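Here it is: the structure, laid out below.
Naming follows writing order (A, B, C and D), and every chain is counted from residue 1.
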Amino acid sequence: MTPDELKDAVAGKLGDKMSLLDTGRMVPMFEISAANLLTVAESLRDDAALKFDYFCNLGAVDKTERFEAVYSVASIVHKHRLDFKVILDHDHPEIDSVQEIWPAANWYEREMWELFGINIRNHHNLTRFLLPDDWDQGNPMRRDWDAPDFEKLPEL
Amino acid sequence: MIWPVAFAELRPIFDWLYDMVSSTGLPEPWLSVVIYTGLGAMMFGVLAVLALYLVWWERKISAHIQQRFGPMRHGWHGWYQTIMDAIKLLQKEHVDVATRDKFVFFWAPVMCFVAAFLAYVTIPFGEGLIVADLNIGVLYIMAVTTFTIISLLMAGWGSNNKYALLGGMRSAAQVVSYEVPMVASILVVVVFAGSLSMVDIVRAQDGMFYNWFIFRLPFGPIAFLTYIVAATAEANRTPFDIPEAEQELVAGFNIEYSGMKFAMFFLAEFVNMFTVSAIAVTLFLGGWNGVFLPSWFWFLLKTFAVVLLLMLFRWTYPRLRVDQLMEFAWKFLVPLTFANLILGAWMKYAGWYW
Amino acid sequence: MGLIKKVPVYAERIPGGSLVLTTLETVLHQGQAKSLWYLLFGTACCAIELMCTGASRYDFDRLGMIFRASPRQADLIIAAGTITKKMAPRLRRLYDQMAEPRYVIAMGGCTIKGGPFYYDSYAVEKGIDHIVPVDIYIPGCPPRPESLLEGCIHLQEKIKKQKLLDWQEK
Amino acid sequence: MPDLRTEEFVVNMGPHHPSTHGVCRLILTMDGEKVLKIVPVVGYLHRSLEKICENRTYPQCIPILDRFEYVTAMSCNYVFSLAAERLAEIEVPERAEYLRVIMLELNRIASHLIFYGVTAMDIGALTPFLYGLREREMIMDLFEMTCGQRLTFNYIRIGGVAKDIPAEFIPYCRKTVSVIREKLNDYEGLLNENPIWLVRNKNIGVLPPDVGIAYGVSGPSLRASGVDYDLRRDDPYSIYDRFDWKVATRSNGDCYDRYLVRLDEIKQSVRIIEQALDGLPEGPVKAKVSPNFKPPEGETYARVENSRGELGVYIQSDGTKKPYRVKTRGGSFNQLQVLPVIGTGGLIADLVAIFASLDIILPEVDR
């Protein structure tokens, strides 16, 4: 499907739960509320016309007043791709785990949990991932994170 | 003094040694002790240097197979490279792991080293160049080379390391399995030669090359090949080097050994390789038999040819998995060698051979 | 540490011992220098260059250097690649597991001072010289195989100049 | 012996182990030789590339991302440039596109040659390692004469490539490609029909296509399972549609097929490079991009087909000269996730073979 067709198809099927952002892109980007994530993800994967069975990427962004979790999923059969983001509260970030739907998301979520401090509900294995076992300096990917031996590149 | 040793070509040297020692007026039993110690030391020296040069040779051969040069900087084509290795290993610290089994850990390399050298008592290096021509020579060799397994198992157990333990277990399983086809393929030769003595076996192959057992036995090439395969496994070399499989077990049974202890394992491996090649030459390739040149030269020439074959194996083949290794031994080699043995024995009985 | 520590103690006592010591010193250190077996230790990009140096065109074996997978049998760690804070204790442990005499080459910018990851990184150890004592530094990101070979030759020269008595102080 | 009481034991494979290709640590629960449970522990090479990129300008990010996947650093250069170009909508000159394709494919061959050597070494054959790296040196020569580096190139920049190729590049490149094509026969002769290689690789570590897709396995490892999915064709970027080549697939999904797919890919890459060399146009190699490159506000996820699968970069821009967020995604990240699924139940030697055949390198996992 071309991006425009895909936009229409997704909006037609899940228009009440997803809202389209940023129209000028090659790949459509939608926004989902955290409550709807699981149902939307399930229908994205299972719908025969969409069939987003392949999980590409999940990354969190710290926007200082909120968190964004950006998912990229693709379809092997239909060869199209879709991005969607979930907006999270900055004080108590919490999101559902999609690893039941896309097992590949497992480690991406662990990474998000560790580096951003976003709590993942119903995740099987939230343990230390990338950081040293005795790490006690918080979530380093947050924008306001700082540590004594952390040196920023001086501005030229 | 009675010489149970057949010296032909080295007789003058031993006579000179005997005269020198006896001129000190040493009483008889001590005289023998001194002489035999000297003999042993000589043997040991020759074999140690031989093993060092086999290491060097292997490094050069592997390098040339891989389009490199190998050791180049230390002497002509790095000829004293392995001697430098030996000097270095001699001065390395000996790390004693705190959790080791002290006795077993200490004695394993010693035992491995000694077992590797024991076999040389009955290997005929040339016409009359044999330390002791035992009438059960083949049996003796089979018996003492098996000591190596115990030492590897000891090393694996004593190190108290899981990789080492796995390596030791693997080597025990492997060597025990391959002992069977190895003996079965040797027995064909024994049946035809009618003797267990190494010298008698060589004598039975006197004359031109078509008298060698590899050509004279009804299924000589098969016996030879199965022996070589089993011998490669006995010497723990690729494709059967699973006890020290670098990519799986890091260094296998010798993972915790450093310095001279490691050097003992290392040298023993190469001495073992030379042993199995020497046995192959003695049993199948006519031993010292050859024309024009001295007998020891022929023996060494043939042995190095077999060693070269083993080295080529190592640098071309991947490694087998442990269960495939066992399957190969028990499901293929054992039936084959036993069929060969039975056929051979029957043919000998019926007289269908030349 | 076996032979190398005991020899000077006994040799100095006998008359003419220092003469013997000088000869021994030469022989022992030549042996060490000419057979540096390196530990197969690579973490990041430099490990690929380390592999290339071991391969046909550059050929570590010319210098008598072969790799050993077990730290007990190695003389030299070539710390090839970034050492992170999670990896640093492991590097120290490997160093402790090695038998003396042992040497360390810091290969590449990351092991010298953090390299491109010095600024803004929360996970990279800024230089390995406060984890293990380093003998030779080879700059570059990653260093070319030639410079690694050059570094190894320098290390050999350094080893040859050592004195046996130096070992006593350690 | 059913009533023989045995005990499981735990083996720590790594972080320093010859066959974990870097610093992966696998905690294995084993019953004798059999692997009952695999728990990968990663992060020993976590260098916080993403954090560093947040404090660099766009052109400064490229050398940092070189270190993200150093075996095919060209792809890393390329995917970041691609994302930035999509954000700022920059047209890349024709000659630059051709040069990019040549470099990407050369780097793919170099990476697969490393795979060939390292896999063979993990199975126990030491010689193919040297053969693979020997031909790779020729590719390294080519890279050296274009950008002066052997491993971390910083060659593909936003808007084109850093500079034009020297005059001797094209003849040497043609020679390299023909040598590789010729030597591939040697490689195949050495291993493809080798009985030990076959028993060690055939039907080992079978990855069913649905499991592969579910775990996000991509690239040659997925194509070996029969999934015909190649981003060069299916999520088109650059000018791959102008060349005559086909996607290499196999059907069994075992270690042997993963090995064969990569050898096939080398052949396809050789074809692409030859066609690109023939069609190389004249002209500028870089679009006008200011050193203070500032893309408009927005975000994009770009992905390319790397030698290890999907290599992706997500950039969020806030309109300044520094990216607000860079998230990288490497193929090995997912392939290491699937290792416990397909590696459990085999022997430890199989695990080594599977690990090697998935072609995992750790910087992609840890970043």
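As a working rule, contacts are C-beta pairs under 8 Å (C-beta built on N, C-alpha and C of every residue); 3 or more make two chains touch, one makes a residue touch a chain.
Owing to the predicted nature of the structure, the values given are computational and were not obtained by experimental measurement.
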Farthest chain relative to chain A (centres taken as mean CA coordinates): B
Whole-Å separation of chain centres (CA-atom averages), chain B against chain D: 45
For chain A paired with chain B, centre-to-centre distance based on mean C-alpha positions, whole Å: 63
Centre-of-Cα separation between chain D and chain A, whole angstrom: 24
Euclidean distance of C-alpha centroids - chain C vs chain D, Å: 31
Multi-partner residues of chain A (at least 2 other chains): 130-132, 140, 152-153
In chain D, residues with contacts to at least two other chains: 17-18, 43, 46, 48, 51, 55-56, 130, 134
Multi-chain contact sites of chain C, meaning residues that touch two or more partners: 55-56, 69, 84, 86, 119-120, 122-123
Inter-chain touch pairs (all): A-C, A-D, B-C, B-D, C-D
Sites on chain C touched by chain A in the complex: 84-86, 118-120, 122-123, 126
Residues on chain D engaged by chain A in the complex (per definition of touch): 42-43, 46, 48, 50-51, 55-56, 86, 213-216, 218, 227, 229, 234-235, 298-301, 303, 310, 312, 314, 316, 324-325, 327, 329, 333-334, 337, 366-367
Complex contact set, residues of chain D against chain B: 9, 11, 17-19, 32-33, 120-127, 130-131, 134, 190-191, 194, 196-197, 199-200, 347-350, 352
Contact set on chain C toward chain B in their complex: 1-4, 27-28, 30-32, 34-35, 55-56, 59, 61-64, 66, 68-70, 72-73, 75, 97, 99-101
Of chain B, residues touching chain D in the complex: 62, 65-68, 162-163, 166, 169-170, 238-239, 241-242, 245-250, 315-324
